[in-house]
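Two complexes are shown next, each including chain A; its partner changes from chain B in the first to chain C in the second.
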Partner chain A sequence: MTNRVDRRVLLRALVVLVVAAAAFVVLTAMGSPALAAGTDTAVTHAVAGSGEAAAHATQAGTIIHAEAAAPAEPGDNRVVQQLVNGLVFGLLLALASVGLSLIYGTTGLSNFAHGEQVSLGALLCFFFTTPQPVSLPLLPFEFTIGLPLFPAAIAAIAVAAGTGWLQDKFLWSPLRRRRVSIVQQMIVSIGLSLAMLNFIQWWFGAERQRLTTSIDERIDMGLFSIGISTLWSVAISLVCLGGVAYFLMRTRTGRATRAVSDNPALASASGIRVDKVVRLVWMMATGLAAVGGILLALYDNAAAFDVGARLLLLMFAAVTLGGLGHPFGALVGSLVIGVAVEMSTLWVGTDLKYAVALGILILVLLVRPQGILGRAERVG
Partner chain B sequence: MSDAPVIVHADDLYAGYLPGIDILNGCSMEVREGELIGIIGPNGAGKSTFLKSLFGLVPIRAGSVKLGDEDITNMRADELVQRGIGFVPQNNNVFPSLTVMENMEMGTYQNPKAFKAAWSRIGDLFPKLVDRKNQRAGSLSGGERQMVAMGRALMMDPKVLLLDEPSAGLSPDRQDETFVRTREINKTGVTVIMVEQNARRCLQICHRGYVLDQGTTAYTASGQELLKDPKVIELYLGTLGA
Partner chain C sequence: MNLLLDSINELFAPATAAFALAAIGLNFHFGLTGLLNMGHAGFMLLGMYGYAISTSRGAPIWLALVIAIVVAALFGLLLGWPTLKLRGDYLAIATISAAELVRYLGRSNTLQSLTGGSTGIRGNDFKFTFEELSPLPDENITFLFWTRHGSLSSSWWLVIVAWVAVALFALLYWQLARSPWGRVLKGIREDEDAVRALGKNVYSYKMQALVLGGVIGALGGVLWALGGSVQPDSMGRPTTFWIWTLLLLGGAATVLGPIVGSMIFWMSLVLIKGLASAFIPSSVLSPVEIEPFSLVLVGITLMCLVIFRPQGILGNKRELAFND
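And now, the complex of A and B:
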């Protein structure tokens, strides 16, 4: 039904990939002599072997520099390794960004509290899975849940999606009904973000929490190595993102979601219950943010109360880079940001890796203001 | 037509976009089944606001709107669609990122089973849309978008169709085509209420016209009578090209 549209989107994505590949080849050629060194303190993800040392945190400012325990194996390619790490990080970032993009598309709101939904997802999973006693806010007693990781993750995602429902029911929907302007709503989201950040810190504490104590076994793929749990994370991300794409393109409610994104008033005039669609989007967005939070926590070995807040700027960058309000744009933007963040550490200090990603955002917008997949509309 | 039952009855409407500022100051209208009604008036008279208030898009502060015997004042747009009212806005009247066929599908969102038959019916009325069914609506010309917009509103087979300046921004031949289409749609039994800037052309095809001035319905008469009315000619039609 949408062959023509799909071809255009695919073509743009292909162009981006070709440009990225060309840049990759050039950078490899430029960087290879420097990369021949056996040990590099700036690179953490390439560490094969000891999982304990692989504290490859992706949050700004909390990078743990782990020295390689052993010289690189013959055949190891750190450029490829960083590219793979970047793609993995990009996929996980996409899970969080897609929801942000869907909310922006259907309501026009830049939701600054979306980062906290990522943190909440990860820490709710910790809450359900930890074998140690936990407590609920304001309740004076402790109890132990200790579910296995998978059911705990499902429970966390369900609760997180429930918070999306609650937020829309009792906050965003009444604000929309009272015709509160979008800028005012954005300020409310900033306030909500701070409130949630403090609430999560008060509930879970400031320390990093580990979702699992098991050590990830890494598989050597020749040019790079990858953890088994990371492979699972990639598979889950692909399934979730594929599910979102299928929902938007192939289901009636998904097409209605795109219609609401285009023009809510016209959608309502067509008989679509816009409020119901928006509520579903909120639940999907917060649920996906939770999935992203949990997988990022597994990828990073742990999560803290501010993990989402640190990612928020990258999520906004990914959504803007891909094309505001375009859900597939969020995916492409996240992959570009993920690869840029991880690859940049080969040439510049890790402290600058987010600066590189945001620099790419500025450059792309200067050349293509509507973002990579955004479309300039015909007027009249 | 005068024997047909009343299908839409607006009684003394006061409405506006902002609290405390009324744009409509006592608008009334009575439309019978199968009629084609034109609403004309100078810029700022409240024509579009009147139409939008009938469709629940502008809050009504006083007065009432009835569809048959049912009070539909301030009812949600999706509920009105369910009751058989279709609305075609003047601007932004298509979903640009959706294909033509997906736009049509949104027209039958409340009754997806009706899509196939409705699409075949709309395809007969607007054959060009069938040729462009896989094209993104955002890439269509103004005239083609207008077809998509009318087609989408007709997909649910409405009893009443509200058209907000359907000829706005179109070339003269496209305008003619739009008026012809509107007449054809009306002949199939759909009651049409149309707001138009092109007052002369509108009055030529409509059964009755309402003249709005400063938010009130100044007077009503048949289209032909209004075309000959000296006051309407002087104020709204001009003297050229009669």
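And now, the complex of A and C:
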């Protein structure tokens, strides 16, 4: 790791930052003279955005609710509240991005279809748990499953991991065997993402689906409040991430995974069955994405077919920030992105919070393309 | 029969021309230089905004076009600066993020009075300067089997202008691709280090290609907007992926590939939707499901193309543009 800071790189970052800031200021000055009124406008803006898609409106609605409720209770602090929200969101995001990072590490593939795995997990859980009749695409009859939430989530995760296995068995592993270049594989994953996104929409429709009808009870912790089911989500997510860490650091297969990440050829030469490891990684990644999708759907109250597509770039931002291919970097990156996204709503409109994450991503690529934990290497 | 006429109508519709033009821009990026620009819709959206906003504020048509071009060129410069030194997949992630950033900014309520928020800018606010130029009569005109308005919205006038623009830029691509400049770009696509060893400034060449392709993409966006309205969510990631699909379908690094690809893409979308609604009973595939169903097929087509026939219909196997 070089400690010498490249002056040109800093200069470049500075200029882009200044230009972006200037553009933003000019645009806001032209666009909305009311911005100076501060955070209150953010709330009214969000209310005014009735033209937004229903999905966004509901989401904005819940956020407005949280914002509006915050000043009313004494002892509540919006900054702390947003920080906590950000940490929670970051942890849930980490579940999905760790998988993305593992896939990148072992196969070198930037999997653009990973976002759809998140939506698939959430909506499969809905499929198993909803008391309403459901149907499968192309089959003209309906039936009711209606499992309780917990078994439904397990079933959804199992099916999602199964899709990972199927994908690797019938798509990625043949492609690797044919020595299809990484760039080609990336475009294949883009095609897969387009197909899956529309398949999920075809299956579940464009509406937001609620996994559970129960209303989350919020407990007041002095400086902030947090829902009880959110606490459960955090616990589950910590257990899952801890499990991944234990697997990678302590188990034999986990060491093999890291070896494949480091150097597939060498790993193969030392007797590790690379294909087995990669298949396991695919199942883990898709399973984790499903866990993340279900927990995020519970956190956001509902999930739509495009929830993962909107999160995909946040995941890429997190993974790049932490260093492509470093699972722990993905965790750190997700937390940073989560906090940045939620904290940014203090200053910019809630409909711009994802834009902040993408801005961070581009800045990271400017200054330190290898990420926080990545080794300094030539990436161009 | 109607279906056949409809799909032939789609062959020369303004939307087809707009996507063909955007794909020619992407062909400069990917086909010629090998740049993985996954944010082409961002260029298109910026062109649309540049044109629509300046026209609705009273700019004449030439100024509006210049503004659209300048905005796209600036975006290309700003985007290319940090990313063109990075490896291909980094470039892809950076461009896709930048394009989404543009879309988020455009649809945000903060810029409501400038960009119209998520509802966008209505067509009537910016189409008039273009429609006033139309020499065609102000009424519906039927040519052979197809009826369009002479000069309003997606009119015969727009059809003519759009295809002339596509032809001009295809000609430009043809000329530039066989010029010394184009040969350097092809060299970069095949082996960047070799070109660098010859003393060429690879970074600068890549930047020129990125800006030129982006500007053409922005003009494609303007054509698209002239046939409808400026709607930020119509220029999301799926749009970029469609352009990729049709470019790879027609054949990257060919002159006519983007045009043929766009025609086949739009015609088959109409055909699939028409055939599906005609032959598949609605209990199996209800009308609202036909749209996602046809787009599933688009995704699968993209996958199969990349795996089995990366050179597309017209492409040359030896001129494979997939390099790491």
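Everything that follows uses one rule, which is that the second predicted complex is superposed on the first by the 298 of 380 C-alpha atoms of A that agree within 3 Å, B and C clash if a C-alpha of one lies under 4 Å from a C-alpha of the other, contacts with A are read in each partner's own complex, and residues count from 1 in each chain.
Rule of thumb we're sticking to: a contact is a pair of C-beta atoms (placed from the backbone, for glycine too) under 8 Å apart; a residue touches a chain by one contact, two chains touch by 3 or more.
Keep in mind that what you see is a predicted model, and the values were worked out from it rather than measured.
In the superposition on chain A, A:252 makes contact with chain B only, not with chain C. Partner contacting the larger number of chain A residues, of chain B and chain C: C. Shared-chain residue A:214: touches no atom of chain B or chain C. Once chain A of one complex is fitted onto chain A of the other, the partner contacts of A:349 are limited to chain C, with no touch recorded for chain B.
Residue contacts after overlaying the shared chain place A:269 against chain B, while chain C stays out of touching range. Once chain A of one complex is fitted onto chain A of the other, the partner contacts of A:261 are limited to chain B, with no touch recorded for chain C.
Contacts of A:358 after superposition: chain C is touched, whereas chain B is not reached. Overlap of the chain B and chain C interfaces on chain A: residues 380.
Those residues of chain C that touch chain A in the shared complex are 36, 38, 78, 81-90, 92-94, 96-98, 100-101, 104-105, 107-115, 117-119, 233, 237-238, 241, 244-245, 248, 281, 283-285, 288-289, 291-293, 295-307, 310, 322-324.
Residue ranges on chain A touching chain C, taken from their complex, read 12-13, 16, 19-20, 27-28, 30-32, 35, 45-46, 48-49, 51-53, 56, 110, 137-140, 175, 180-184, 186-188, 190-199, 201-202, 205, 309, 313, 316-317, 320, 348-349, 351-352, 354-355, 358-359, 361-362, 365-366, 369, 379-380.
Interface residues of chain B, counted against chain A in their complex, comprise 55, 57, 76-78, 81-82, 87, 89, 92-99, 101-102, 105-107, 109-110, 112, 134-136, 138-142, 152-153, 156, 169.
The touching residues of chain A, counted against chain B in their complex, run 1-5, 252, 255-256, 258-259, 261-263, 265-274, 375, 377-378, 380.
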